[in-house]
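The following pair of complexes shares a single chain, chain A, combined with chain B in the former and chain C in the latter.
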Partner chain A sequence: MDIRAQVSMVFHLDKCIGCHTCSVACKNIWTDREGVEYQWWNNVETKPGTGYPTLWENQDEYKGGWEAEDGRLQLKLQSKIGTLGNIFYNRRLPTVNDYYEPWTYDYEHLFNAPEGDDQPTARPISLITGEFMEIESGPNWDDDLGGSPVYASNDPNVGSLTDEERAQLNEIERVMFFYLPRICNHCINPGCVAACPAGAAYKRGEDGIVLVNQDKCRAWRMCISGCPYKKVYYNWSTGKSEKCVLCFPRLESGQAPACFHSCVGRIRYLGVLLYDADRIEEVASSPESELVEAQRGIIQDPFDPEVIAAAKANGVTDGMLQAAKHSPVYKFVKEWKLALPLHPEFRTVPMLYYVPPMLPVLAKMKDGKYDVADAEAEGLKPQLTSLENARAPLAYMANLFSAGNEEIVTEVYRKLIAVRVYKRAEKVGDISQEEAQEALALGNMTAEEAEAIFRLTALPSFEERFVVPPLAREVAIEQIESPYDRKREGGFGSRTAPGRRW
Partner chain B sequence: MQAQQVVFRRAGSGLGLLLALFTFLVVFWLAILTPVAAQSADEGEAVFSEKCAACHTFGGGDLVGPDLEGVSDRRDPAWLSRWIAEPDAMLAEGDPVAVDMLAEFNNVPMPNLSLSDTEVASLVAYLGTRSSAAPAAVPVQVAEQSTVGSSEPDAATGKALFEGSNRFQNGGPPCLACHSIAGIGALGGGALGPDLTGSFGKFGEDGMASILATTPFETMTPIFDDQPLTDEEQAHLSLFLSRAAVSKRTAASVGQLALLGLVGAVFLLMVMQFLWRRRLREVRRPMVARSRARIERARQAQEEQRKATPGTESR
Partner chain C sequence: MLDDVLFVAFPYLAFITAVWVGIYRFRNDRFSYSTQSSQFLENRMLSWGSAPWHYAILTILMAHFVALVVPSIWASVISAPVRLYTLEVTGMSLALMAIFALCVLVYRRLTTHRVRTVTTPADWLLLALLLAQVVLGFWVSLFFRWGADWYLHTTVPWVVSLVKFQPDAATVTTLPWVVKLHILGGFAIIGVFPFTRLVHAVIWPITYLWRPHQVVIWNRKLTGTGRKAAQ
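What follows is the complex of A and B.
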């Protein structure tokens, strides 16, 4: 057993209101510099939609992530020899048009325009060329199903749906969407690290944060193709790749990352998971339908004495272990099995988990009237059938969160519905206790568990949502350099500008 | 701590051994040094014939460098010693005599031959004996060498040797590896050494012959000392170099080079186009174009259907 600690995350999609506060918080802190204008380390996508960069989930085009052939893991992009052969030309890079050309507006014209018959306007100016441009696309171009005949219909997750399910997605009064906030998944088996020929991308030992060393990066840009989530970006000004750093300077001082901290819907949870690094290859190469179960299996119980001993032998600190015991992520992912990885079929074993959205109770046209389905039925019925009649086809959710395995998504929804029914029976009282018990049985859970899920979903305190472990960076760097020298010479951190600029 | 001490003790014993070896070497060196000092002039003669005779004669006239007849009368011995030891440094300092000589001898600087102090001393002693004594028969190896040979010198063979299609007998690398010259095709030769097109005109026949025989340049010495050119090879090369001196780089050969470059570039581009034919070109724009075309087709089909079924037009 090779137990390591991982700072990991849960996003509760039912609570996301799509306000983009997280994106803006991140942008203001990290990507307001020259060369990174187009980068959104945190972005919020509307699903169904093609996302940012366009069609990032389509690995036939981008060749990100891993594939397992006869149980052997291999980067989709290229072999090691392929890396050498293509080192001067990466064939699988998204163009700036697939992200979007960043722009500002000619605001000065509003003040300086000569007097005329018309109001002056501020024309868009490219932040890359500095010239006037036509805006064709943006980081959230298909927001709230905008342009959905083009964008939503090209969603790669819609591809495997039956015609009936697809019609259901587009039917008027039934059309649905939800938001999918995305940051770097800080994967256990990261494709970007594996693809980097320079050894610049690495996974930090003590907390599993995936970073790109700006001194070592040689701009081969293989990481950008290697990451199936397209969460590594190229800074055209410094000639280095950059990515979400999970706000490690904030974490090191005990604060939650900026996107977590600022989240209006309070959808985000952060905590430590312990995992068994010996099993990474086995987990990442398991058959598609078993990927989620395998990924749950690699996460270890922080209360198990054997696990604790192995973790300590590996240098995991007591503070980290303590945080792992209180981790909300552990509860959502392993204990309750509510949170699922995004696209586990990319086989990077992502450490950001999503609680799939329930969406509103089903409504549909009945005898020319807009009505809640089975509204006439008594009590529990509309609630219990809401899964089968859900607006979002289960197959779509399964494509997103369980590599197409509908059983896993169904189990999750049964639990979520059970919590709703149980709390409704308790608070509103229009559902009988027997029916509530029936719902709990369907969800395969106890009343205590339902109560705990409700507490952590609806009423968590700041400290319950973000269990930031003491990262003890001063201890971790002892392995590399003397902390006293670092404190004296480095001051409050140190910053060296990358040497190359153009 | 104990381990550290052990390391120190080991290092200490190693130091003692080194000291003993050093003492032994010093004694040995002193022992062999005494006879050298005595036979200084004889040693000097040997060094001269090995390292200097390529460019210098006694009473045989100027070659690449000046005739050394009476040189110790003309020059101060201290100046002479230093000039033999480090001519490059003196030139860099701008020593007036050295600078004048450089101008006089076609800007061919005297190379630093990395002689030891004893070698320099013996050379100076030898030069002294030659200046005061009556001029002896000049051992112009060079002249002898150029006439010795079983076959007539041949420029074509020289060219083959230059290009490496005929290997040098002693295994030296072909001239082409480091030098370029007119008349060997558009791609030319290496760029480490100078272009040899005008070299014959610069050094003259005798100078060239001595250079070929002794290769007295810093870069060439370590290569050709162990595997010198044979007399025959020298003759062939010398003839080839003399022919090259009169031929000139033609405009045609420049055009040839440009064409070769262009063809090569086009070929490489085609190879790349083939190797990377499945590269990712663009995703969003083609996707949008496809979808728009599909929507347009659907709209047209709907319109045609409406026209085909009368009575619905009023909608």
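What follows is the complex of A and C.
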């Protein structure tokens, strides 16, 4: 056993209102600079939709992540020798057009325009060339299903759906969408790290945060292609790759990352998971339908004395172990099995988990009216989404969260529905106790578990949502340099401004 | 006198500059020690420029280098006329390929506004030098036949004399001016190398071939059991 700690995350999609506050918080801190204006380390996508960059999920095109042929794990992009062969031209690199051309507006014209018959306008100006430009796309071009016949129908996850299921997605009264906020998954088998020829991308041993060393990065850009989630970005101004750093300077001072802290819907949970690094390869090369179960299996019980001993032998601190015991992520992912990895079939073993969204009350059109009662007559409780008649095809959710294994998604939904029925019976009382018990049985859970899930979902405190372990950076670096000197000089981070002077 | 300046002092100067500034830059500004890829800003033309250029020029440079380091082997290779012809024709085609690719790259940088915004004067200098150099090289191979052979008896002994610190430029000073320009161009490029993005030529990510895929970095190296060395 090689037990390591990982700062991990859960996003509860039922609670996401798609307000993009997380994206803005992140942008203000990290990507408000030349060369990275187009980068959204945190972005919120509408699903179904093509996402950002456009069609990032389409690995036939981008070749991100891993593939397991005969149980042997290989980068989808290319072999190691292939990497050196393709080093002069990366065939799988998204360009600025696949994201969008960043722009500002000619605000000055509003003040300087000569007097005339018309109101002056502020024309968009490219932040790359500084010239006037036409805006043709943006980071959320298909937000809220805008232009969905063009965009959403191209969603790679829709590809394998039956005609009936597709019709279900598009039928106007039943049209459904939800939001998918994405940051770096800080995978335990990261494709970006594996693809980097320079060895600049790395995973921090103590907390599992994946970073790119800016001094080592040599602009080969393989990480961008290697990451199936397209969460490593190219800074066109400095010629370096940059990515979500999980706000490690905030974590190191005990604060939640900015996107977590600012989340309006309080959908985000942060906590420590312990995992067995000896089993990474075995887990990542599991057959597709077993990937989720394998990934749950690599996560270790923080209360198991054997695990604790192994973790301590590995240098995992007491503070980290303590945080692991209170981790909301552990509860959602391992204990309750509610949170699922996004696209486990990319085989990077992502450490950001999603509770799939329940979709709202289903009704039927009757005589041109939106009739909830009619739906009830068909056995669909208006306050619940009947799983069998769910708005979102289970196959679609399975394509996103369980590599196509509908059983796993079904189990999650049965639990989510059980919690809802149970609490409805208790608080509102328009559902009988028998029905509540039936739902609990269907969800394979006890009333206590339902209660606990409800509490952590609906009423968690700040401290319950974010169990930030003491990363103790000042202790961690003391073997390398004096933390007292370094702190006085200017923090623990980089001391030279990034920029090319030659 | 001029010959001594051009073919003794200048090569030494260029070489010393390359090493000295190259090391200085690596130690003090490692951040900048790479090329600055613009593939993100322009993709299509680059595919016709970058890959063919690099493959062609690296092969040509390799040939120059092999003949310089192991002249006897090179001599035996070209001793058969068929092999000599093949080598020369291959070299000329590669030179044509390099010229074509470089022209694409220059055209791309001139016409694509996005790429022009990340282009520095040093980039233009470098492009001009490289273009001049490959055109001169092609010219030499076209009009002064069997360079694969006479290179061994003119440039090679001269470079060897420079390496041995017994400079003797006699074998190159009598060469035609086009050849001389080609030689000087080569050393000019070596001289500007550390000041430009050409520094990426000495960054070979070769360790990638044998390092494990995953890179994990620990702040503390514990000696306790169970801890694998930072793999």
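In this text, the second predicted complex is superposed on the first by the 464 of 502 C-alpha atoms of A that agree within 3 Å, B and C clash if a C-alpha of one lies under 4 Å from a C-alpha of the other, contacts with A are read in each partner's own complex, and residues count from 1 in each chain.
Basically, a residue touches a chain if its C-beta (ideal position, glycine included) is under 8 Å from a C-beta of that chain, and two chains touch if they have at least 3 such contacts.
No experiment lies behind these values; they were computed from the predicted model shown.
After superposition on chain A, the partners chain B and chain C collide with one another.
Judged by the touch definition given at the top, the superposed model places A:R221 against chain C, while chain B stays out of reach.
Of the two partner chains placed around the shared chain by superposition, chain C is the only one that A:I81 touches, whereas chain B remains out of contact. Of the two partner chains placed by superposition, A:G49 touches none, neither chain B nor chain C. Contact with neither chain B nor chain C is seen for A:G18 once the two complexes are overlaid on the shared chain. Once the two complexes are overlaid on the shared chain, A:P344 sits clear of chain B and of chain C alike.
Once the two structures are superposed, chain B and chain C can be ranked by residues of chain A touched, with C on top.
Of the two partner chains placed by superposition, A:P328 touches none, neither chain B nor chain C.
Looking at the shared chain after the overlay, A:T95 reaches both chain B and chain C. Looking at the shared chain after the overlay, A:G443 reaches neither chain B nor chain C. Of the two partner chains placed around the shared chain by superposition, chain C is the only one that A:A310 touches, whereas chain B remains out of contact. Only one of the stretches 8-16, 116-124 or 152-160 belonging to chain C has C-alpha atoms clashing with chain B in the superposition, and it is 152-160. When both complexes are aligned on chain A by C-alpha atoms, chain A residues 89, 91, 93-95 touch chain B in the first and chain C in the second.
Residue ranges of chain A in contact with chain B, taken from their complex: 50, 53-55, 58, 61-63, 86, 89, 91-95, 97-98, 136-137, 149-150, 153-154. Residues 272, 276, 278-285, 287-288, 291-292, 295 of chain B are the ones that touch chain A when the two sit in their complex. Residues of chain A touching chain C in their complex: 1-3, 75, 80-81, 83-84, 87-91, 93-96, 128-131, 189-190, 193-194, 196-199, 201-206, 214-221, 234, 236-240, 277, 280, 310, 313-315, 473, 476-477, 479-480, 496, 498-502. For chain C in complex with chain A, the residues that touch the partner chain are 25, 29-43, 46-47, 50-51, 53-55, 113-114, 116-118, 122, 195-197, 199-200, 203, 205-209, 211, 213-222, 224-228, 230.
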